[in-house]
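Both of the next two complexes hold subunit A, though its partner changes from subunit B to subunit C.
Right after this comes the complex of A and B.
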């Protein structure tokens, strides 16, 4: 199961929330990410997410997309990190940031 | 002997024109929507102000004088006045930088968008040919009605754009401009798209509040000159310094504006929202400067100016204060 963000969503990801502007992290998460993620889990597959070819991902976009899986969809950090594979040759900071946001979201949720 | 058809038609046109002119001048004052419990005597109307801009019209290089001129306009706007006329006199301007032009457009445009105030703006272009060319090539005239003869569009300038929300497409155009002028690949300027989206988002979320007279709009401009691309991003809102102080008073209550600006980009600052999952954006921008991705990153807000520079791997920070307070925030970003 794969998401190629450049083709399935946008080459120019935006900000955090839908009301802030187009191609937001919230839009990506709710329209594409959660569906493919659940489908992958059902099929006992890992979800590959390809970030390459885009013009760059704001921190707010990444945090809302992946941290939001914990906050909004009550996924656990371990489950998310075990079931996604991040492809990002253009920006090597993305895997670390996604992991950080997922863990931080779980930590904040558990407080 | 009757009049000819042409004479009848000409007389009729004259009468209609006269009637329209009379109707216009006898137009009654109406209560302004949204302002109740007030009388006409509460307001001064139809005042005229002449604002003369300095020879060196630049926020970066001549902040005190330039910001002082802007404040003459803004201070009048924030008084309880309607229907004022401002004449923006650029006749003597000889050197101009785009930060000043963009800020001027921002004030005028944001005020004009607020139709309750009914302020009018007019003005002139500089007599100095170089300065005049800068005005026109920046897209300045796109924001005003003008019968001025236009210069051909410059390939070295992206005309001023504005918006209220996060606009990835405009950010992308800026990135592509940098890629073209600085011979960089898309991968090389990922940091710029991130920066611009953060700034646009911050403007929408934090820069303005409901009490303000100006519309909540950001402005952006890019120029290729002297082997670098300069990007100007600005808003005319509360100002980053004021926002930081307001949200974190227990930590930053005694700091000056330049220190507050720097605090917004540092680890000390919690997000303006106070939420734990927020507040990463400005810290990331500072990291880009430290890594040398930006040659200069200057922020002017309130009475403070914070200049972050990276020269041959060495990072320096210069904070300074000025007397005149800038409303909003101006970012001046250089990429080499």
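Right after this comes the complex of A and C.
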């Protein structure tokens, strides 16, 4: 199972929430990410997410997409990190940021 | 150095060269054992040459490595001073995101090099830049907020720039 963001979503991902403009993190999470993530889990596959070929990602987009999986869909950080594979040759910081946002979201949720 | 001084040095080096050649030829003609050498002497010379070559190569590699790190830091500063890096308007922020991605990549590469002298400074720069990236990312669709944050962006950029200057100095000390 794979998501290629530039093809399946947009080359110009936006900000955090849908009401802030097009191609937001919330939109990506609710329309694409959660659907493919659940499908991958059902099929006992890992979900590959390809971030390459986009103009760049706002940190708010990444936080809402992946931290939001923990907050809005009650997924655990370990489950998410074990079941996604991040492909990001263009931006080497993305794997670290995704991990941080998922763990931070879980930490905030558990408080 | 003036032209006259250069000519003087060249003449001096030429004289030294001819004296060495003369001494060599004189010894060769006058002393039948001149070219004879013991195994001990031969090994000493070979060892000296090998160690010298290794040390010179190592020093040259280290110097090149430091030069490359320095170039990356200069490039990072250049990108940081690009007015598009934190565009205080909500119109087309693609260039800002591209620049921020590029700077973050460079910081990640710098973080992974083994340069103890600048490790703490890189850590500081990374923290400051992450602060800027998060601040921008959280408000990139709110023009009024971006304008009110302009001063904060400038402070962060100035902090990073100063630390980069320090790294340029520390790298060669």
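By definition in this document, the second predicted complex is superposed on the first by the 111 of 111 C-alpha atoms of A that agree within 3 Å, B and C clash if a C-alpha of one lies under 4 Å from a C-alpha of the other, contacts with A are read in each partner's own complex, and residues count from 1 in each chain.
As a working rule, a residue touches a chain if its C-beta (ideal position, glycine included) is under 8 Å from a C-beta of that chain, and two chains touch if they have at least 3 such contacts.
Computed from a prediction, not measured in an experiment: that's the story for all the values here.
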>> Let me test your reading of the model: by the given contact rule, A:105 touches which partner, first (subunit B), second (subunit C), both or neither?
In response: first
> Once the shared chain is lined up, is A:12 touching subunit B (first), subunit C (second), both, or neither of them?
Replying inline: both
> Looking at the overlay, what does A:23 touch: subunit B (first), subunit C (second), both, or neither?
Replying inline: first
>> Contacts for A:92 in the overlay, against subunit B (first) and subunit C (second): which applies, first, second, both or neither?
In response: second
>> Based on the A-chain superposition described above, do subunit B and subunit C contact any of the same residues on subunit A, and if so which?
In response: 12, 14-16, 20-21, 55-61, 63, 90-91
> What does subunit C use to touch subunit A in their complex?
Replying inline: 90, 93-94, 96-98, 100-101, 104-105, 108-109, 133-134, 136-138, 140-142
>> So in the complex, the part of subunit B that touches subunit A is made up of which residues?
In response: 165-169, 171-172, 175, 186-187, 189-194, 197-198, 200-201, 204-205, 276-278, 280-281, 284
>> Quick check on the complex: what are the subunit A residues that touch subunit B?
In response: 10-16, 19-24, 53, 55-61, 63, 67, 71, 90-91, 101, 104-105, 108
>> For the complex, give me every residue of subunit A touching subunit C.
In response: 12, 14-16, 20-21, 55-61, 63, 90-93, 96
